[in-house]
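Here the structure is laid out as structure tokens; the discussion comes afterwards.
Going in written order, the chains are labelled A, B and C, and every chain counts its residues from 1.
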């Protein structure tokens, strides 16, 4: 079982393992970290450094296991870096990422109570430790619905040889920072469909075809989130709003893998009847109303050497309601990854060109170049 | 040995254990978490939701053990949730709960140096992982003296078959947030008396008679805390004060257990010559001067099934000095708990009715209803 | 291998160890804590308590090991106390201390990528768990260059029997809090020279001659740090500045050990063309421009009993540019340490006299006395 951040990873994913006396509990302890150096140019034709992102981007401890009976499993994840804590947006050190209890009625029907990722877009549910670029796409950053506290259900029937996945959640709608919420909750649903059968080793939830699928595999997914009267600009993420907004997010995605090739696409759209939140002093905040598409294509050069080449094209477009504040952005990115121990230990080198308003001339205001070097290390 | 948060739990309480080469150290690693959903009504006769508390209430890591010699033991506890950090009151992320070294002169005389719970009221010293309701009582929340850094001594003689416990502490008086303190320290003393002998498995410090005591057992306790010129509204807890206050807290409590029945009562009273702290701008803060009583009665339906029914009646009354700011509050609460693995894994369902000013009519201003669902899971 | 905080400690330093199946990873887990009580007098001749420092000064978890191959090692250290988080200066909870990956080309040439200590003055690189006084000196506190994210290289050749160490780093210059930096980076270099050969058990990086060197051992070191346009008053540490400053720090140090005697000295000097940073509102901040010397002499009374006597003389002098804000300070300190399990478990008793402006009369303004009791416990 791969890590898909929607259930504990207690098989085939061995960190530090411990089983209690008389098998009354099991725990699998893991950690991982990402060291990152990223250069961004001043503009499209001035290669001076606008800034360097130079930091431990992620440092996580994770404990998965079961207690009392394997039917009752848990997943705990703590994040310790400044970026992990969502501190700059919330002014609260949110160290707890996942803390959730699962009850597994059967192998393909389980429910969760606690805090973990919502069943949103594929790239977000995918662990940040299973990415082929150093960071998720701008589409994901702009529209994803992140983590939330609540009740979730997961059901995975099969029609003949075709696996289906249905996921649903009712949650607070304000993300990890919330202690208390009003009655404006968030409702999320998602369905997935794998017409050519299961991916090897749950490969629909990690990037790159490291398994070299012998036969083509594809997964389609789609979902919808209705976040009733949230108090944060991105729903579960973002700055606080003084007046609540209701956000409607839809997402469609697909992933295809075959003999070292992997292609994935996701489309996301956020709607809001009124994207603006105005407080009593007249100060205006807004949510990013609009849409975006991300596509990634990659090829593992040779299964044994572990080198992968990848390309990415990302496009986001603000709705005309917020055009005064946001511009259309496109990013073309190339990535070279060397996998030493699959996604546990890898070196990543990415380079990108970003354009504004669909204008690719290097002299255009807002365009820039960038390059990222990242090492991911974990157990 | 049960967990009583006043000494390390290194026997009969097995998490992940590790003994160093040649037995020079021992460590017992544990974690636990509480996932909570709580509904509170708008008023006594409007059942609309005033709010939902929906969060990981507690997520703790704990390490207990000894080093060099079993006489020298330690206890470390870290808390990672927003609520655990006492962040909203102090604006400092207080992750460290316990970090204390014990020197055990004999089995019944030991001293502590570091940060852990003060020997205050019984329910506070009781671990939050050993409660029969989802949360401690309002009496405890209002008057308890929490944790503090300092020097503590514990002495447990026996007169015939009657165990006695004496506990004393000198501490900073400002709680976990303090780095530096002035010479206004806190002095705490407590005595306990168990006329019918020891409880099975140290049952005087966990709630509910899960052990089904064969003979009646009872413990009486009383104590006093003098917190000289503290700078926080509750002494070791609460908001900062701009002018210091001296708090005098007394507490009396008892617990009785017999064949599945458990009854406990605690009375607490906080005095302060002047409960108000006024800063230079004339803004007024105050401490809750007053008193309260909490009583809990429970019955374990069947020792093997692990179902428990419990009732609780809580009453707090502000002193007339602060009546302009605080009202008398009473709460009646019912609880149903299913213990799967004693207090390590349990499901809790609580429901309450809260009244103000002693008026029980549902239409009275400030009255409300509530219900809580909580899962506790730990090793 | 001792802990020198510049490479992972994976030999001869056994905490909780775990090796993955088929030896694909190794992890050594440790923790340590310091409980401290420190009294400072109101003045040189008023022994009333000006304040008590009473707190858990440090509480750290540490994981060192390798993954994939012993050539690829890592070191992670988390600090949980308020003091460890550098929170009071930065208003950000900086829990991550070390998170760094090493690639060991050979035993004496390795590079690091990530966040750890810079190769600055000896006492700073020395772990806080290997000190003979409760705290590092005031010279270190005033001038040290702390930790930083970046790239470091370490090379240790030998000329005959004389070991040399060369260390260099390029880093962000703003310390642990930085996510993003401008192009004003920090450049650090250091060289060490051990003319009488290696110390037993890497004793040049822990204080006190606990090994009772049979033959005299000495190490000399010197280095320089150029921190281009930093935005914090101490470079990698201190309050934020609104206008950047460029800091130039030089350091020279030596340590000598022989038959229980240890002597160490370090000289540090910080230069800045203009030590003042003025913001738009005209508010002025400054860096401590000036110099200082710290000397420590100690004797282990008896190798088996583990008692050590130590004396320390510290002197810092501000440059005349900042004399309006800072005064010359001298501290004379005596220490008695009982080592139970070397530096892992020790009791420390320190007492000091501090003088201002070189005037030793007890009646002089700013002079004071102090005493510290500290227990360090760890594995």
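We adopt the following convention: contacts are C-beta pairs under 8 Å (C-beta built on N, C-alpha and C of every residue); 3 or more make two chains touch, one makes a residue touch a chain.
This is a predicted model, so every value here is computed, not measured.
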item: Homomeric contact chain A-chain B: same or different residue positions, threshold half; value: different
item: Fitting chain A to chain C on CA atoms, where both chains share a sequence, rotation angle to nearest 5 degrees; value: 120
item: Inter-chain centre distance, chain A versus chain B - centres from mean C-alpha coordinates, in Å; value: 39
item: For chain C, residues contacting two or more additional chains; value: 93, 95
item: Chain A - residues contacting chain B, complex; value: 18, 20-21, 24-25, 27, 63, 67-68, 72, 74, 76, 78, 92-96, 99-101, 113-115, 149-150, 171-172, 177-183, 185
item: Touching residues (chain side chain C, partner chain B) in the complex; value: 14-16, 31, 33, 35, 37, 48-49, 51-56, 59, 80-83, 85, 87, 93, 95, 340-341, 344-345, 375, 377-379
